[in-house]
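So the structure is just underneath, and the comments pick up after that.
Every chain is named by a letter (A, B, C and D) in the order it is written, and numbering of its residues begins at 1.
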Amino acid sequence: MPEMAAPESLPIRPVGCIWAPMSSIVYEYPLPILERHLDTFGHVNNATYLEIFEEARWDAITRGGYGLDRIKATGQGPVVLECTVRFRRELTSRVNVTVVSRVTGYAGKIGRMHQEIRLPDGNVACDADFTFGFFDLQKRKLIEPSPAWLATFGLTVEDWQAGASG
Amino acid sequence: MPEMAAPESLPIRPVGCIWAPMSSIVYEYPLPILERHLDTFGHVNNATYLEIFEEARWDAITRGGYGLDRIKATGQGPVVLECTVRFRRELTSRVNVTVVSRVTGYAGKIGRMHQEIRLPDGNVACDADFTFGFFDLQKRKLIEPSPAWLATFGLTVEDWQAGASG
Amino acid sequence: MPEMAAPESLPIRPVGCIWAPMSSIVYEYPLPILERHLDTFGHVNNATYLEIFEEARWDAITRGGYGLDRIKATGQGPVVLECTVRFRRELTSRVNVTVVSRVTGYAGKIGRMHQEIRLPDGNVACDADFTFGFFDLQKRKLIEPSPAWLATFGLTVEDWQAGASG
Amino acid sequence: MPEMAAPESLPIRPVGCIWAPMSSIVYEYPLPILERHLDTFGHVNNATYLEIFEEARWDAITRGGYGLDRIKATGQGPVVLECTVRFRRELTSRVNVTVVSRVTGYAGKIGRMHQEIRLPDGNVACDADFTFGFFDLQKRKLIEPSPAWLATFGLTVEDWQAGASG
């Protein structure tokens, strides 16, 4: 089932506002849409948008100092719990998009990240909200964010505690 | 960023209830989780869940008489506008899951499908709600569902009209 | 079947007929070509054929008693060293193909597998020869095939020794 | 570069040195190995090498003026007939490789491309030879290379005629 552009007038539901706003690092990840991203309809399929968002998150946490090596070394890493994705515009090959990612809230063990795939003209082709946690890979359970993990997004323990009570 | 099981106690938001319930065909798609589904953490990654849901939707509409050939012949087909996915349990290789898919509402040009990936013990590893439309591939715009498209899910025009006013 | 680094000194096999024929188990793996297999040209792309061959090899070794769990438990598993693939016919969606796989030779540390993707009419859409080895995942080096590994293909140590001298 | 059906009568090239050497453009495509390239063994799987080679070929022909838009506009494009791939070294995430691609021969309707995935230290992780043709997408048959297609690789009709007789 292909994914295509939602009409402008589609009532986009407002992002839930129970989260205290946070000032995390805003990561930008430039990416050309390639032929391998295209499905048989000649555009990017909905599952592929998720791959693109994931690739941008890996880029962000790697640049922030918490890449795969660190996850393996510490035995702690992020886990996606839920996502909501809005497909707004078609993407076709050789368009240079930018994925913009930032943490918008972190309450207790549950964080929230907003991501957008932006077209060269600034329009948003797709945006998504991810609910995530920090995970102990051995004990298989969610844990509170470590200072190093928070620092990946430019956040401090104080930011997190404020978010928790926000 | 890997996806892992949400703790049981994670407050799962209730599925929005503005949709009139519909009695669509419930499609079941059995699927073994294969080695190619696994990421470097040895389990199924969040983007891959979307591929699995998509594969099950293609299976459903193909069995319902509205597969790729029909989409090409009519120039009309489905389009995903938005999705919300909840990752509840880890999936690893050689588990035989069943993807259960059904249309839960159709109001005007906007339909809604619920999908679940069920484990052999009946527990839900992942569930998702997709908002979709029916699309004119030439005019690039959403259109009202055709009788043939509605019939794919065992729905009639009357069901749809009732849904629209539900 | 994962691919791993060949040791520097690996004698790359000359193409040709130095292999003694072997009577391994012939594994058949039925598979429908799905919409997700299609590229923007509406048919299966060359890299995807390799995925299909790999999926069939995993099916074969899992059924033969040497699946992922066994590889992890023993720390020994297969490694692809080289492949030659001949793309003979287009594949499009909803064609039910059968992947046929068999070991055609095993000389010393180097085995050879032939695989074919067969159409419903018996024609071969694609065929491939894989050169592979048995690998110690800890020591990162090729080793001689264990009896259990040979048995995966219905081969004995005697078959292997005959192949080595064939 | 899509893969399509080779005609029944296609003379499958013998491996060896019957090809006159050609001086085509040498395309270099830098690429970081990402987490999404990794399989459950933590390294790049054999099918993924083929995706990487394909991505580099698309980059080469797009830069050479014969990208997807041109293929669609002319109804003529490349088709992979056969490939031989040698897996020499493991690839893991965040290694910056360079894919080097050049045409090494073109005799009649059959061209040959050599590709290498080079590590930062210059060692080759994987190399491959692709046999390809130029294809009429409507008539579904191999055709002689057009001047524009040859120019994609810095070749002239004279080069091609010399190759054919080489």
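Operating definition for what follows: contacts are C-beta pairs under 8 Å (C-beta built on N, C-alpha and C of every residue); 3 or more make two chains touch, one makes a residue touch a chain.
These figures come from a predicted structure and were not determined experimentally.
Trainee: Can you list every chain in contact with both chain B and chain C?
Mentor: For chain B paired with chain C, the chains in contact with each are A, D, in label order.
Trainee: Which chain lies the greatest distance away from chain B when centres are computed from Cα atoms alone?
Mentor: D
Trainee: When the C-alpha atoms of chain A and chain B are each averaged to a single point, how far apart are the two points in Å?
Mentor: Averaging C-alpha atoms per chain gives centres 22 Å apart.
Trainee: Report the inter-chain centroid distance for chain B and chain D in whole angstrom, where each centroid is the mean of the CA atoms.
Mentor: Distance between chain centres, rounded to whole Å: 38 Å.
Trainee: Please set out, as single numbers or ranges, the residues of chain A touching at least two other chains.
Mentor: 35-36, 40, 51, 54, 58, 68, 93
Trainee: Can you list the chain C residues touching chain B in their complex?
Mentor: It is residues 34-36, 51, 54-55, 58, 62, 67-69, 93-94 of chain C that touch chain B.
Trainee: Once bound in the complex, which stretches of chain D touch chain C?
Mentor: 1-6, 12, 15, 39-41, 43-51, 53-54, 68, 80-90, 125, 137
Trainee: In their shared complex, at which residues does chain C touch chain A?
Mentor: Its residues touching chain A are 35-36, 38-40, 42, 93.
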